[in-house]
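Please find one structure pasted underneath; my questions will follow.
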Amino acid sequence: MRGDSPDDPLIEARGLGRRFSGREVLRDVSMTIRGGECLALFGPNGAGKTTLLRVFAGLLTPSAGSARVAGVDVPAAGARAAVGLVSHASMLYEALTARENIEFSARLYAVRDPRAATRMALERMRLLDSAELPVRELSRGLRQRVSIARATVHRPRAVLLDEPFTGLDDAGAASLTSWLTELRRDGAAVILVTHNLPEGLAQATHAAIMREGRVLRVEPRESLDQHRYVLAYGEHATRGA
Amino acid sequence: MAPDLLAASLTIARKDLAIEWRTRTAFYSASLLALLGIVIFYFAWDHTAVSSLDLAPGVLWVIFTFSGILGLQRSFGIEQTERAIDGLRASPVPREAIYLGKALANLVFVVAVQAVAIPAVALFYDVPFGGAAVALAGIALLAAIGLVAVGTLFGAMAVNTRLAELLLPVLSLPFFLPIVMAAAQSTALLLSGRPVHEAADSLKLLAAFDIVFVAVCALAFPFALEE
Amino acid sequence: MSATNTENLRPVIPAASDPLLLAASAAVAAVFVRAVRFTPVELRQGPAQKIFYVHAPAAWVAFLAFSVVALAGVLYLWLRDPRLDRIAESSAEVGLVFNTVVLVTGPLWAKPVWGTWWTWDARLTLTLFLWLIYLGYVVLRGAIDDREMRARYASVLGVLGALLIPFIHLSVYLFRTLHPQPIVLKPSAPSLPGEMLTTLLLSFLAFTLLYIALVRSRYRLATLYLALEQERRV
């Protein structure tokens, strides 16, 4: 299967387009992300970043072009199985506990030992103390941690994160960062959408800017100077406003 | 890896039932609605003119549809608040599993409400079920399957529209006519002591309805989930 | 007219000079005249029977229109061509009107002939349910703003509604009916004498023509709305 060798692309798009009621939200997006890489995706609101993640996650079908995860075209089940998505909405069931939410997700992804995987996910995101509380009783930050744990309990090979640091305190952010590092070390590819430049660039191996549905520049982290990037981003951001 | 259809459906059904069990609000509301309806209907008729035995089947099955709708409303309501439905859609489970899982949970819910409504009718309308009890249970199950087959699909659709609570009954009720008619007909026959085979036509209609609509609604369900 | 859209919107002819609509209206008017003045009065039912020449063809159109809605729905789910959804939308609205005509002429006919406004006979009940399904369809369309979701959901409802109709028919068949025997569609010999049969068939033709003309006009209107919406967005 594609994606097994470290050089195979895990997340790919070719000429990807998506429209809603005639409006083009994604235009001709092409990118290749390999295992171990982390793409920080910046851009103003409405640029299409969330839509792009949702296409890769199999929630939206492409209107034009193609997108693939782990060598399988989205939104086929094989592609969805490889993805973990953290989005703005928590995708949690308020009446269930943190543990139940995570375990449910583990079962949906046919994880071999859902209980053990859930326990590891709870430990990883430092949720053991809140594990038996219904989600509705948790604070915003804790919910965000549960959301992350839920999305990644199956150790996805493609991790898509839409502003995941929102609401996290330092401990939560540290848990997330080390978890992402571990996943990437095991060969996962990550797309990280964030407005927080330092946070995004800290993790990233590559960075890109989106504006009006297009991906404008994808460049490796080493060639980036954060200061120049801030200027470039600011320039793009105000032009888009 | 993707779990198979049955395993995924059961996982989803268990999850829905676990959520309902936590608060049981929808179940209590639906059961209460059923009881209130049954009692109010009793006072709407002149019992010297029409016997309770004649009224009972009609009351039972009409109440059944309205209280069933309450349960159906909540089935997709829980998926809306935090976009949990996206969690289901993004997972590798087949779309049909989401339908079957939710329909199964809805079925348990509706049968649970029936377990309150049917004895209530027997009690308040002085209806002796006796030997017909088993056959009646069979009718109740067939009717519940039909209700849930259609209601689960429309529940998924209605929740995405502007008038969700109103739209679900408006869309579903025409589809409940064959169910109510066949169930009430056969119940009336059985309660007046007629042998089961006389109700055969109604039961065949119910069964055919169930088979056709479970299949069609399961096939149509992915279109309701798509974006 | 904007040329930037990708749905091949054709130039639109103003409705007032629509030849098909004029011809269809003329045909319907002509049939009415024939029915009232030039067709014999039925023996037992009297002049009220002439409502039949409106009632039956309108029912035929109502069912035809819904078949079109359902078929367009299935095709839309398969091909995703927005034109199919506009056809469904148009056929639904026109069908709803014809269905309302059936439900109004039914009681108008029933009262003088059978002494009661509403008869729960098999066919009229079926038409009532079709009307309710139409209404549900129109309400559903009105409750969704997103064009693609509206088309998709309406298509699903159209297909399910079409499947429901035979079940309603079977359900009602389990009941006794008051409706007169089917006097036209007996295979051996139609019970209507020659002239009345001719009027009836002409009426069917005229109504079908009117249906096609109205759907076409309504379709054009839907196309216009779409163009307007797209132009506003640009």
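Should a chain be cited, it is by its letter among A, B and C, assigned in written order, with residues numbered from 1 in that chain.
As a working rule, a contact is a pair of C-beta atoms (placed from the backbone, for glycine too) under 8 Å apart; a residue touches a chain by one contact, two chains touch by 3 or more.
Model, not experiment: these values are computed from the prediction.
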### Message
From the centre of chain B, which other chain's Cα mean sits the farthest off?
### Response
A
### Task
Report which interface contains more C-beta contacts, comparing A-C against A-B.
A-B
### Task
Can you figure out the chain closest to the middle, judged by Cα centres?
B
### Task
Return the distance between the CA-based centres of chain B and chain C, expressed in whole Å.
32
### Message
What's the distance between the Cα centroids of chain A and chain C, rounded to whole Å?
### Response
51
### Summary
Chain-centre distance (mean CA atoms) for chain A and chain B, in whole Å, is 39
### Message
I need the residues of chain B touching at least two other chains; which ones are they?
### Response
226-227
### Message
Under the stated contact criterion, what part of chain B meets chain C in this complex?
### Response
150, 153, 157, 160-163, 167, 170-171, 173-175, 177-178, 181-182, 185, 201-202, 205, 208-209, 212-213, 216-217, 220, 223-224, 226-227
## Note on the structure
Contacts from chain C onto chain B in the complex sit at residues 77, 129, 132-133, 135-136, 139-140, 143-145, 149, 152-153, 155-157, 159-161, 163-164, 167-168, 170-172, 174
### Message
Could you list, by residue number, the parts of chain B that touch chain A in their complex?
### Response
1-3, 7-8, 11, 15, 18-19, 22-23, 78, 81-84, 86-94, 226-227
### Query
In their shared complex, at which residues does chain A touch chain B?
57-61, 77-78, 80-81, 83, 85, 87, 89-96, 100, 104-105, 107-110, 134, 150
### Residue numbers on chain C that touch chain A, as the complex places them
5, 146-148, 230, 233
